[in-house]
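One chain, chain A, appears in both complexes that follow, with chain B as partner in the first and chain C in the second.
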Partner chain A sequence: MAQGELSDAAMKFVNELEMEMMVDMYNRMTVACQKKCIPAKYKDPDLTKGEAVCIDRCVAKYLEVHDRIGKKLTALSQQDEATMKKLQQQAQGN
Partner chain B sequence: MSNTLANETHQRGLKDFLQLYNTITEYCFNKCISKFNERSPSNNETSCVDICTDNYVHFNQRFMFNFVDHQERRKREAEQVTAEAAAKEQEEKQKQLQQAAAAFAAGQEQAAADMAAASASSSPVLADLPLKTGQAMELLETLAGSSSGTVPPDNSLQNIPVSLADPVQSVQEGAK
Partner chain C sequence: MAQANLPSQMQIDAASTSSQFREFLSQYNKITEQCFMACVHDFTTRKVVNEENSCALHCLEKFMKMTNRISQRFQEHQMTTNDALAAATQKANS
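Let's turn to the complex of A and B:
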């Protein structure tokens, strides 16, 4: 039962962390797309069609980049873990 | 106890990793994606993102290594400085002790020499003896042993019972 409790607490922590990171990513995306799509000089308070389209595409590209980097980092960390395990095994063997 | 500590470290590591993930995403997006003609990124852009990610990860690793190395070096230098300061203090203390001991020894020798000179001037028989420093010291010790230990003035040596055999009699006879 203790292990179950641990995994519950861990799950809770992971969920909270995911939410926090999601919010952080959202904020960064907002800043990035604003910089890329909205020009410095404002003429109108309303968005032009070009700006609206730009925002759509910006969000799509950002999320795709986010996924791609996520996969790459997971692969890298798995590689790191494998090398660490190998080193540990070698050390234990010696 | 150690389990919770390991757990906390693990959790902090996970949080750091996810933070790094978000930072890389923002950084590489800003560097690589400039045109918004399409919904999905072009081939150039995706290859740029891959290269950017690798680059950033290597940068981060080297950066962290340098930071830790620099901190350790500073710590070692600080420890060296304190150790040198402590060694200097000890050296100075020893010097002072040595100086004090030397001064004390010099003072004693001077007193012995004075005593020898005084005894030689008051008793002619004793003056005939070859009074070197060592013999002067012996004389001083015997005098100190038989007397109350105080240094007497010049001519009153004749009144002190000296424990040397022949010189005693000749001194007393000379005094008479």
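Let's turn to the complex of A and C:
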């Protein structure tokens, strides 16, 4: 998708969508890292050192997994698109 | 989103493409969360370990194949339902 071809309205839409999706990812990450790192025992209001460190690592890992899945998803989509084009060309050739 | 200058067909296409794209991004976030929960367990490090990496990528591919299969079966089911309905309607009208 060549950015040069997008109209102002389209750019605005893409930016808003990106913000919305980032917020969604952030919320999911919060839920995930809470489940992974914070046991549901609320004797103490403070984060223990272990929990704090776990959260740091959890966030780093979640973001990295998010990136890797994104790259793979892009590759798969491009593969799909190429296959579709091929099939269309074959269909038109007949 | 100012689309008043576009002919109506283009507006409809833009709307459906943009909602498709939004749906795609939503799924991306959902997949990330699910695969992270299922695959990442080692919080002694910030780095994503090899097993976690391959698990996440397998998780993604499996999810994609699963959604494809679900949509195929659903379409088949819809077609059968429509055919049955059409046949019943014809019978009733004749």
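Simple rule for what comes next: the second predicted complex is superposed on the first by the 88 of 94 C-alpha atoms of A that agree within 3 Å, B and C clash if a C-alpha of one lies under 4 Å from a C-alpha of the other, contacts with A are read in each partner's own complex, and residues count from 1 in each chain.
Here is the rule we use: a residue touches a chain if its C-beta (ideal position, glycine included) is under 8 Å from a C-beta of that chain, and two chains touch if they have at least 3 such contacts.
Note that the structure is a prediction, hence the values are computed from the model and not measured.
Asks: Superpose on chain A as described above, then tell me if chain B and chain C fit or clash.
Replies: Overlaying the two complexes on chain A (C-alpha atoms) leaves chain C and chain B clashing.
Asks: Report for A:12: first if it touches chain B alone, second if chain C alone, otherwise both or neither.
Replies: Once the two structures are laid over each other on A, A:12 reaches chain C alone.
Asks: Tell me which partner A:21 touches in the superposition: chain B (first), chain C (second), both or neither.
Replies: both
Asks: Taking the superposition as given, does A:76 touch the first partner, chain B, the second, chain C, both, or neither?
Replies: Touch status of A:76: both partners.
Asks: Output check: A:64 vs chain B and chain C. Expected answer is one of first, second, both, neither. What do you get?
Replies: both
Asks: Touching A:86, do we find chain B (first), chain C (second), both, or neither?
Replies: The answer is neither, since A:86 touches no partner chain.
Asks: Per the definitions at the top, what is the overlap between the chain A residues touching chain B and those touching chain C?
Replies: Dual-contact residues (chain A): 13, 17, 21, 24-25, 28-29, 31-32, 35-37, 53-54, 56-58, 60-62, 64-66, 68-70, 72-73, 76.
Asks: Spell out the residues on chain C that touch chain A in their complex, using ranges where they run on.
Replies: 1-3, 18, 21-22, 25-26, 28-33, 35-37, 39-41, 43-48, 52-53, 56-57, 60-61, 64
Asks: In the complex of these two chains, what residues of chain B are touching chain A?
Replies: 11, 14-15, 17-22, 24-26, 28-30, 32-34, 36-41, 45-46, 49-50, 53-54, 57
Asks: Under the touch definition given earlier, write down the residues of chain A that touch chain B in their complex.
Replies: 13-14, 17, 21, 24-25, 28-29, 31-32, 35-37, 53-54, 56-58, 60-62, 64-66, 68-70, 72-73, 76-77
Asks: Report the residues of chain A in contact with chain C in the complex, numbered from low to high.
Replies: The contact residues of chain A facing chain C are 9, 12-13, 17, 20-21, 24-25, 28-29, 31-32, 35-37, 53-54, 56-58, 60-62, 64-66, 68-70, 72-73, 76.
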